[in-house]
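Naming follows writing order (A, B, C, D and E), and every chain is counted from residue 1.
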Amino acid sequence: MNDLTELFNKLFVNFNYIVAATLFVIGLYTVIAKSNLIKKFMGLNIIETSVFLFIVSSGAIVGGKAPIIGEGVSSKTAFVNPIPQALILTGIVVAMSTTAVALSLMIKLYEQCGTLNADKLKELK
Amino acid sequence: MKKGIIIFAVFLFWLLLVSAMVSLPPMGSPENPAYSHIVPRYLEEGVEEAGAHNIITGIILNYRGYDTMGEVTVILTALMGVLAVLGRENLLHHTSKVDESTIERSVIVKCVVRLLVPFIILFALYIILHGAESPGGGFQGGAILGASVIALTLTFGFSLTVKKLPLKYRTVFESAGPLGFFISGVIGLFCGLNFLTYIIPSVAPAYQDLIRHLLLLIIEIGIGVGGGTIIASVFLAMEKVGKE
Amino acid sequence: MLRSLDVLLLIFLLVTAIGVVCTKDLLGAAIIFSAYSFTMAIVWQQLGAPDLALTEAAVGAGVTTVLFLIAISRTVRREDE
Amino acid sequence: MEVYSIRPLLAPMISIVCAILIFWRGDNTFLRRSLSISASIIKWIVVFSMLPGSLAGKIYVTQLVPFTPGISILLRVDALGMFFGMVSSTLWVITTIYAIGYMEGEHARKRFFAFFALCVSTTVGIAFAGNMFTLFVFYEMLTVCTYPLVIHEETPEAMKAGRKYLVYTLTGGSFILFATALTFSLSGTVSFSQPGILSINSGVGILAVLFAMFMLGFGVKSAIMPLHGWLPSAMVAPTPVSSLLHAVAVVKAGVFGITRVTYNIFGVSLLKEMASKGINVAYILMWAAMITIICGSLMALMQDNLKKRLAYSTISQLSYIVLGVSLLTPDGAAGGIVHIVNQAFMKITMFFVAGAIYKKTHKKNISEMHGIGHKMPITMATFTVASLGMMGLPPTAGFISKWYLCLGALDAGQIIAVVVLLISSFLNAAYFLPIVYRAYFVKPPDGDVTTDEAHWTLLLPCVICSLYVIALGLFADLPFVPLALVREAVKQFFVL
Amino acid sequence: MIEFSQHCPVLMTITLIIGGALTPIVSISRKKFSFWWAFFVSLLAFFFCSCAVWRLYTMGPISYWLSGWEPPYGIEVYFDYVSTITFLMTALGILVIVYSKRYILHDISEEKLPTYYTLVLLILGGMVGFSVTGDMFNLYVFLEILSLSGYALIAITEEKLNAMASFKYLVMGSVSSVSVLLGVALLYNVTGTLNMADIALRLQQFGPTTAVYVALVLFIIGFSVKAALFPVHAWLPDAHALAPSPVSALLSGLVIKIGIVGMLRVLYCVYKLGGPVDFTSVTNFMGWLAAVTVLVGAFFAFFQDDIKMIFAYSSISNIGYILMGISLVSFTQPERGYLGMMGGLVHVFNHAIIKSTLFLCAGALIYKTGFRKLSDLRGIGKKMPITCGVLTIAALSIAGIPPTAGFICKWYIILGTIEFGKPIFAVALLLGAMLVFAYYIKIINALFFREPNESITEVDEAPLSMLVPIIILAIGCLVMGIFAYLPLAVIRPAAATMLGLPSTYLPLGG
């Protein structure tokens, strides 16, 4: 009983992480189960953003402010962790880049094969 | 049946992830190793050392500048990928769906876009140049810059944009990101310092700060211009349709 | 740490994600995906990351969605095609 | 006494250079022929220049490249290696002359002669290998180099035979590779030394497995039953190939490997020690050899195709060697090893004859060869000499090996081995004499008895080899004959 | 020189990346100039890499602090013994670029030339950066650079199936990248740092938690996809077979090795033998996976008729060899894994050389004849003797026939499995090698020993710019086998340091 409460507690404390994990598997399901290529790629985007959510959350601090240290801000203020944000900035760009390449591939694929359904494409081969 | 198996496998994976997530240190606590190991130095001395009030800008341009160089290379790679797959647009052979569409764009849209775009570009420039002090920076500004080009194309057509932004200039601007890093980074190298070092000890202390600002600005502008142009180019390459 | 708004946003995030998965109309899915990105941007703003919120709003909700829309306009709109 | 010398390296290099030159400029017939002959003669001289030293107990060594600590590509000519090197280089000269005559008018001669040279090079490499690792390297190279020769005809049948050959030998090679690695792991070295490098401390069970793996590996090329399947099918190759490679180089490389493993990796004392602990691997090997001797002979009886019959006879004769080696007595080993050269000369004569007959009359089957002795008297005379040698009648070379084998078997107390050898002699008579009988005493169907010998390039090798068979029997005890070298080798193995 | 050489690890990366970024600019007016530019850039990178390697073997590993920030605060580039693979990458890069000069115009229009060379330089830059970085997130960034350029290079031709192959690769590759990123994130959350050495140190302090194990699993999944191990290999055959041949050579020779380098970095630099996380069970599992991969790859190759498809499947099989070699580690007795590790690492080099030779030869055949099926290519050996001869050398080499390069690794991995007490792996490997040889013999038979195809007339030897690279590579195949002590001397310290032994460690037979 006590263990259960503790587990529940932990789940709730790290709620953001749990949501990120859930989003991850939702995306993963889309990638695996959906046969439409554009849909697959939306799933992939969900996976990527879920990881970003996880990383950003791990940098959050209770009552933290954005880490912009201007004049008049006392050094006592709690700032959130800036490193994850710097990483995710890169991550977002990478995600967008992958999306651009993938979508152009799909456009070409459609021009050549006339379908974007993975099952039908397999038959074409 | 197939769906059930997938759901089951995905569920197992979820359990794996959750078991990891639960064992992590509690979120938001300042005692976390993630918060107590490297971050204090960034927060306390970041402004001095990195030369930016926005610590994030300091990290992405200075502490972890190499990552950001990789990042701008990634978008360049993406553009090259799109070009490899679809090829550049060519005014003689291509039009866009926008041009072919028979729906006349309404006057209101045209007016609003014409009015707004200068402001959007101004805002983008502000974000690019003011990245060291406030939220934003090179890439965010670049994205907005690119978005303004997209807005123009969608309202006034493909051929106008292609004419106004000739391929020759775009080719140069697309590589601006890595190039900015190269220019700023190599200066340190020539002074016998490590790559991407912005503080040049051989210069009089009064000018050191100025040089650093200048170098960081070159990078910011490089990222902004490069990012914006690449987004526009990707859009144009994907949007074009072959003429019969 | 958790505020009710955050919880609400996170749950909305899950709902939009499932919405993306379940919508058969790709155009609709792309729009929901845009909403998802926007929610994500707000979540990040709440977590003290305005830089990221700005980027996600511009790139995730903006550019990525536009790219999806172009792709859909150049290819198919229904998922099963 | 070890002497550093470049000659062990020179011997295989000559053939390799020759092969490369043939690949490069081999389209010119004259150049190709002169290259082949001169290379084989130069090599023969190089190898024989080491003979006096070898007889005096010298060991010539060339360290090629340091591979890693504990392992290197090492060429080391001890008495056994010298012996095998001598056999193969001598036979190369003879076979080259024969091949020039035989291959006249065939296709892809450039390829044939180039790979022929490569094969000899690798065989000499096997002979001179100073450790198991080097031996394996050359052994695998031999497999690969032989392949284009086996499938020379490029007919579907030849391709099938080639495939079979590769599957058998490469599987065997894998066993050897594994066993070599295991040896290295157990003893920390793979160099051949007296008396063996393994010790009983490794455990009898694992040693038995190791021995079995080596035997399975080398047993393929030495065609111990049931690993012999490839040999009869590989007879589709042109006769010079069958003769040199399948009667001499490839199969002898197998038995040579068995000898090396038995005496230089395991060593007599270790095998005896293992026997005393209850696992007598040599005894099992002996039985395998005996079964192969009898079964091979029986199967030879059933063949009508002359080359096939010779192939099965080879299978049976090879096991004489294995039998001698597995007896673990000095006389037995001497008999077995000297049979390498004796059998080589006898069998190559027969193959040459078969090839000459085929070239002249296009007859392959024994049942068609009525009265061939009238047409080709000299050729058939050499065949008769070789058959008598196979039966082990004095004064041919075959008698010498059988004599020593029987002595060794009696030494080891294996009366059954003596019995098997005797039965085998009868069987040999049973499948060779009818050929001789048919050739001389049955009238040819068309009654044409005018003499019509093959070209001198085909005839000369047969004559030389058959004379040699007799000479080896008559002057067995002179210095500078193979037996003296074998005695030296056996002295090293048994530390006499 | 010393002063200069310490900058080299990062100089070679930025040379390739900036060179790649500049390619479209320098060739605005003359598209064909992009070749000369790419050639120059790759030569320059090769020069820098040689300097770095020279320094590594005279003065030890190079730790380079970018922007001058000390490691946990800034990004560290760490050029250690494993990074010598960059030497191979830059060298192979030059050869592939030279080869592309004539070949690539066969596949793409002149319009796309600058794009092609940009992508080649970027993929090289990505791989080089990936191999020398000492920072986990930087690892991910370079992983993305090289993956994205890889996807694009496959789809650069107008062939119908290429886009599909590329997309398959892209989806699986992206999922794998994301799982690597999640692994990095978990480790960051636990340790608070991104520097590899620092993570290793802090993992020792904190001890293992579930998250650390899960991160390990995620890394393994991610890098397995990149390396195309058995259950997640599906993308490889199409992608490698359909790409233009020089690209296939790069992908099969180098890009799949990135998965291996990643595993080495994560397992042996971050998690470390003797650290708090006992991952023997993981490596054990990887060993079995490798054994299955060897057999599966070899088995499927058997049924192919397309010459490049055969090579692609054999890549899967060979990646299995490498993984088998590097997974033979014992947590408590690192010395026992030494020989296997050597074998695996040597095969990283040798397989890269051999497989690029094969693909480039296949490319030459396709370039000249237009055929890619074995049944169509029969008898071509008489018309193109040099190309086919080189192909034969490489084929023998990959089957592990001595004295070629492939034999060395086979020997070491088998020795390693025996030393490690897992002879069953050796059996799998030998069986795989037999199968491999069986289908390479099929190729050799078709090229040399079958009736020539009548429809191939007027075919002569490939042009010089294609012959030179393949001949150099063939010489590499032989030299690496005959003078095996050269590569072994280079690899030895890498194997030792991976296992936490002193870099001069040298057991008997090692």
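Keep in mind that, in the parts below, contacts are C-beta pairs under 8 Å (C-beta built on N, C-alpha and C of every residue); 3 or more make two chains touch, one makes a residue touch a chain.
This structure is a prediction, so every number in the text was calculated from the model and none was measured.
> Applying the touch definition from the top, give me the chains sitting in contact with each of chain A and chain B.
Expected: C, E.
> Can you list every chain that touches chain A and also touches chain C?
Per touch definition, common to chain A and chain C: B.
> Measuring between mean CA coordinates, which chain is farthest from chain C?
Chain centre farthest from chain C's centre: D.
> State the chain with the largest centre-to-centre distance from chain B, centres being mean CA positions.
D
> Counting C-beta pairs in contact, which comes out ahead: A-E or B-E?
Most C-beta pairs in contact, of the two: B-E.
> Specify the chain with the shortest distance from its C-alpha centroid to the centroid of every protein C-alpha atom present.
E
> Once you find the CA centre of chain C and the CA centre of chain D, what distance in Å lies between them?
Here the centre of chain D sits 78 Å away from the centre of chain C.
> Which integer distance in Å separates the CA centroid of chain A from that of chain E?
Whole-Å distance between the two chain centres: 29.
> Taking each chain's centre as the mean position of its Cα atoms, how many Å separate chain A from chain D?
Going by mean C-alpha positions, chain A sits 70 Å from chain D.
> Could you work out how far the Cα centre of chain B sits from that of chain C, in whole Å?
Comparing mean C-alpha positions, chain C is 19 Å from chain B.
> Which residues of chain C are in contact with two or more other chains?
Answer for chain C, listing residues that touch two or more other chains: 1, 50-51, 55, 59, 63, 67, 70-71, 74.
> Two or more other chains in contact with one residue: find those residues in chain E.
Expected reply: 137, 141, 144, 148, 151-152, 155, 163, 166, 188-189.
> Multi-chain contacts only, two chains or more: what residues does chain B have there?
17, 21-22, 24, 27-28, 32, 34-35, 38-39, 42, 54, 56, 64, 67, 70-71, 74, 77-78, 81-82, 85, 135, 137, 139, 234, 238
> Sort out which chains touch which and give me every pair.
Chain-chain contacts present: A-B, A-C, A-E, B-C, B-E, D-E.
> Using the touch rule from the top, collect the residues of chain E that touch chain D in their complex.
Residue list for chain E touching chain D: 396, 401-403, 407, 410-411, 414-415, 418-419, 423, 426-427, 430-431, 433-434, 437-438, 441, 445, 448-450, 482-485, 488, 506-510.
> Across the complex, what residues on chain E touch chain B?
Of all residues in chain E, those touching chain B are 3, 7, 10-11, 14, 17-18, 20-22, 24-25, 28, 64-69, 72-75, 77, 111-112, 115-116, 118-119, 122, 125-126, 129, 135, 137-138, 141-142, 144-145, 148-149, 151-153, 155-156, 163, 166, 186, 188-193, 202, 206, 209-211, 213-215, 217.
> Would you pull the chain A residues touching chain B in the complex into a rising list?
7, 10-11, 13-18, 20-22, 24-25, 28-29, 32-33, 54, 57-62, 64, 66-70, 75, 78-79, 81-87, 89-90, 93-94, 96-98, 100-101, 103-105, 107-108
> List the residues on chain B that touch chain A in their complex, please.
Chain B reaches chain A through residues 2-3, 6-7, 9-11, 13-14, 17-18, 21-22, 24, 26-30, 32, 34-35, 38-39, 42-44, 46-47, 53-56, 59-60, 64, 67-68, 70-71, 74-75, 77-79, 81-82, 85-86, 133-135, 137, 139, 227, 234, 237-238.
> Residues of chain A touching chain E in their complex?
The touching residues are 24, 28, 31, 37, 40-41, 44, 47-48, 51, 54-55, 58, 83-84, 87, 90-91, 94, 97-98, 101-102, 105-106, 108-109, 112-113, 121, 125.
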